[in-house]
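Letters are used for the chains, namely A, B and C, taken in the order the chains are written, and counting of residues starts over at 1 for each.
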Amino acid sequence: MGALIAEDLLFPADAGTRAIARDLHAAVRDLPIVSPHGHTDPRWYALDEPFPDPAGLLIVPDHYIFRMLFSQGVRLEDLGVPTLDGSPVETDGRAIWRRFAERYFLFRGTPTRLWFDYTLQNLFGLHEPLSAATADAHYDAIAAMLATDAFRPRALFKRFNIEVIATTEGALDDLKWHEAIRQSGWDGRVVTAYRPDAVIDPDFEGFDANLDTLGEITGCDTGQWAGYLDAHRKRRAYFRSFGATSSDHGHPTAETANLANGEAATLFDRIRRGAGDPGDHRLFRAQMLTEMARMSLDDGLVLQVHPGSWRNHSPAVMQRFGRDKGFDIPTRTDYVAALKPLLDAVGVEPSLSVIVFTLDETSYARELAPLAGVYPALKLGPAWWFHDSPEGMRRFREMTTETAGFYNTVGFNDDTRAFPSIPARHDVARRVDCAFLAGLVAQHRLREDEAHELAHELAYTLAKKAYRL
Amino acid sequence: MGALIAEDLLFPADAGTRAIARDLHAAVRDLPIVSPHGHTDPRWYALDEPFPDPAGLLIVPDHYIFRMLFSQGVRLEDLGVPTLDGSPVETDGRAIWRRFAERYFLFRGTPTRLWFDYTLQNLFGLHEPLSAATADAHYDAIAAMLATDAFRPRALFKRFNIEVIATTEGALDDLKWHEAIRQSGWDGRVVTAYRPDAVIDPDFEGFDANLDTLGEITGCDTGQWAGYLDAHRKRRAYFRSFGATSSDHGHPTAETANLANGEAATLFDRIRRGAGDPGDHRLFRAQMLTEMARMSLDDGLVLQVHPGSWRNHSPAVMQRFGRDKGFDIPTRTDYVAALKPLLDAVGVEPSLSVIVFTLDETSYARELAPLAGVYPALKLGPAWWFHDSPEGMRRFREMTTETAGFYNTVGFNDDTRAFPSIPARHDVARRVDCAFLAGLVAQHRLREDEAHELAHELAYTLAKKAYRL
Amino acid sequence: MGALIAEDLLFPADAGTRAIARDLHAAVRDLPIVSPHGHTDPRWYALDEPFPDPAGLLIVPDHYIFRMLFSQGVRLEDLGVPTLDGSPVETDGRAIWRRFAERYFLFRGTPTRLWFDYTLQNLFGLHEPLSAATADAHYDAIAAMLATDAFRPRALFKRFNIEVIATTEGALDDLKWHEAIRQSGWDGRVVTAYRPDAVIDPDFEGFDANLDTLGEITGCDTGQWAGYLDAHRKRRAYFRSFGATSSDHGHPTAETANLANGEAATLFDRIRRGAGDPGDHRLFRAQMLTEMARMSLDDGLVLQVHPGSWRNHSPAVMQRFGRDKGFDIPTRTDYVAALKPLLDAVGVEPSLSVIVFTLDETSYARELAPLAGVYPALKLGPAWWFHDSPEGMRRFREMTTETAGFYNTVGFNDDTRAFPSIPARHDVARRVDCAFLAGLVAQHRLREDEAHELAHELAYTLAKKAYRL
């Protein structure tokens, strides 16, 4: 007791297997963090200002936390989640913190609990479980630390031993915070990633205006298909000049298409005139994945596909609080037919790297591992979002390794906006992978020297290789 | 050996984890049984007559048993399953019992085996495995016990330590056995549940006549939409007067709808005139789930949705033996789109409780846990029917806990007609949950004091809270 | 260390459970191999010629191996995979072997690694891990052994302790190698199986000409429905005269149909005239499964259904290298609706045996176990293809046993062309089953004497019974 996070967290119960897991983990626990895909704010690293109060840093922006509290009857207003129309919400950080602390038991068995305890202990040096009884003391202790220089973004970046971190910016972003980081002379490595959903998805708010802006920024004629593609090429080059090694695409499905150029141009015209129907919109998104893959062949950006989330499922919550409020729900996602047009076009190119993620675990063994286990261009992204958890990561390995092997996977993504949780997330992933490898060794399916090599690859090398970092 | 059920049944093999599981189980094994959803016959508690012979009690009515024997070539006639046309079947209980006993090995690895052995040992005090060799002796011993007062329904109810049990009655049922229980002055708590499929599903046999009857019983005009809804309100009130705290809906899919009132009325008229097509029937069932949810907001009944079974898959068996003969087969079931109309209407109401069950385990992690982990009105029913088994319950916890937590689940349902198996079923569930919690403790994902709290919640408190019992 | 395959390979880590698994395995490890479904070449047994060099035997024909190497950027040409147009590929066996050996680490965690190590150790007596460093020595050692009489097909057949093996031949095959085996007087038991895809699937290359040939071979009028069915009957009889006890059907889906005879005849006419559309082709395949089942009722052949593979997913690879090059990808497969017409027709016949396989593991617990657990004619084939692996076989047992039991499964199929790997594959299956049974015993869900009985059934008896061998 005492410690919130035990030395043997997540290791197998069997003593012999546990000892192997411990050895493996000891050899990788202090490796630098490579974070090739995430959503931290580059402004933090640019300005290096102190983080806000404990609730503002750890609760209000964390959809894992407020969705669970909401499911148990707590109003989002009472957690300080801002409304779109500006109607008032709780502003007292301590009150928000107390509401969370009183209900911390709700998170038993969830990864949020592990990440939060890890952060309390390893970042803030707190060793008492969070509860109504400890809420205030913990709040005060954390608030005091956040006010010190040692808890500013750059100091934490170094303390977390981050070798490189990728943020994600929209295609229209001017990357000024990345520019500011560069100008500052600070030596932390922060790169961007190209996320063009707002200029690729005709259903995105303001799509048409976004394309006008894209034309202005690039000097390309985004009123026409060829100019529109050129505009993408220019933005990709611009992003690459700020270290980008990947693009990222959050489509509703994994659908791809490979139209003849004339057809694609006609489709683009129809959509640009506002005359596209829902089928056109879908087809355009599908076509653009293949176009992005072709550009990747030229410029080397790794293509990431993140399909299968039904965004903003509750209109009531969307209307009052906007996007990203915990109401994105996974749906059944097909890959074998959906990816075929893209794979037919570029799937056997060994120089291309397309990383596919899924929220539908049934596709791991049935579709994704068989595809990634044969197409040179295809790699499997790690267990994602709701599945970025001990059971989720275990299922990922159990259902992909036998067909795709370890080397068609790409290491770990923390995929988070929650900067303080990054070490916790990477440590959990390393522990789960070490536990999995230890199980293979204990069953004589792998030699221990191989497990050591693999632990290092999974924790560090594969992410660098796959993302070309 | 000797004992059919070991002390450590279903506990993890690892000694340390097993010790934790044992401790957890010891603290909950004697808690009263709360059975919020099941199908025992209220007549038993009303009349308190002796149960029939061993085969008539334990084999003939148990579809888990006769479906397995049928799959291995035993005719249903030879197991005493009655035919619809009255053509003769086996009536000799001992002969039926022997057929079962000779083939008891077929049940190795199934939950039926565990429930049956538990019942042999703990209810009947028998310690020899059932087989051809022991068939007669076991039959005689059980038959003798069933003839005694200690084995009548009310005595067993007390012996089983049942705090409350819910039966399920159709909307047209007069609840006379519940009335008789009340009149008898017996202090066992038996409540009903409102199951209106026969007056909600236009494909149900006799739907139109059922609606006429519903009108007669309630004095409402069930020829019109408004009167039809009023009739439901009256029946729900009547069921509540016999303790009902829930309604239960066995639809083929999870589809819901939320039509404008005028549209719903028109749809109802069309169906009531017999002019509805299959799409109308589907839409009507979908609409009625939302109507039931709205009534629940008013009267507080918990809404249970049990979708996804293809009933009576074999026409040959249906024609000869009728419904519920083991030929109900699960199908792929979608929830994210299907539940949206209902959730849009009432999903963020914290005072509503909609409990969703599934026969499609792929929906646990992908759809149901993400939905229940954010919508205040939604809770997850336990592993159901074919999945009410050690592996099924383990998968349920592994695939739901990380996203929905424990507190968006509702404890255990035995869901059975098989009264003598109730203690076995609850004990198996408690053991599996304790084993799961012990695994979390052994991996330091949960403290032992938390596991004790949770074991109590899962075995007892959550069912009472979720079902408002 | 030293040994590539440990005594305790694949056994549970927990000492007590491992001891049980060891005992169970010790009792079945030396049982004869019954291989009721596979794809070895009968010519081998007929001619008993030496196998080619190590690469030609172990790498070039193994799609598990070359698909993984291809996924990591190795060209199929460099692995000696022949092109359709005869353009040159690597012919130096040693060069191919070296390319594989250098990348052997890619197979960590895959079943290929286990089978290969097992073969190195137990067939060739090699104890050093394969790598760039050991490539040449291993190559030389294996090449030398392959040149000796002890490594000819018949000698290996005996050494592998194969009691009976089934090959698979197309409906038009003359079975001359089977005839030659018979004429040779050799006492190894090699039987054929009836695989009529080329004369059942209208999308098969040369379907129409195949039907002409079928008519010539049988003397039946395959221009008409009745004659076409008769031709099947004659070929089935001919195959039975060479020991066939089963037919095998590799359809894209599990769809079945049960048309009236007149409708079926009309459909056949349309297809035979080349006037069928894709829907007709699908319906014809569906109808033919039911026809085959009806013939099975007459002649006793076991019907095997292997649905759900999207064949030759990459047109580029198909065009250059042809079929079976690792690009067959599983797809979502439905059984409950798809099998219904066949089951309605013959599903409750206890004398019929239809064995269903799946590449979609989500159907195990949801559809296949519930169906096989009640229909007397239906049995579950073992974990298949990508799932013929330790995790795949474990999931198969975990997801089918509780509902279908063990006795509605049919033992193990090696399903392989890779003759030298047959003992490895059977041993892996036996180990996984013993580990699973040991887990049940350790959790007191099964007595040890029952586990011993079951281990014997799963390793030997069930395959003989189910396939009537």
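A few points about this structure:
Here is the rule we use: a residue touches a chain if its C-beta (ideal position, glycine included) is under 8 Å from a C-beta of that chain, and two chains touch if they have at least 3 such contacts.
Note that this is a predicted model, so its numbers are computed, not measured.
Superposition angle, subunit B onto subunit C, using Cα atoms only: 120 degrees, a multiple of 5 between 0 and 180. Of all residue numbers seen at the subunit A-subunit B contact, under half occur in both copies; the interface is built from largely non-matching residues. Distance from the subunit A centre to the subunit B centre is 40 Å, each centre being the mean of its Cα atoms.
Shown for subunit C are the residues in touch with two or more other chains, namely 12, 14, 362. Subunit C contributes residues 12, 14, 16-17, 334, 336-337, 340, 343-344, 347-348, 350, 362, 365-367, 369-376, 378, 398-399, 401-408, 439-440, 442-447, 450, 453-454 to its touches with subunit B in the complex.
Of all residues in subunit C, only 1, 5-6, 8-14, 67-68, 70-73, 105-111, 113-114, 129, 310, 313-317, 326-327, 329-332, 359-362, 386-387, 389-392 touch subunit A in the complex they form.
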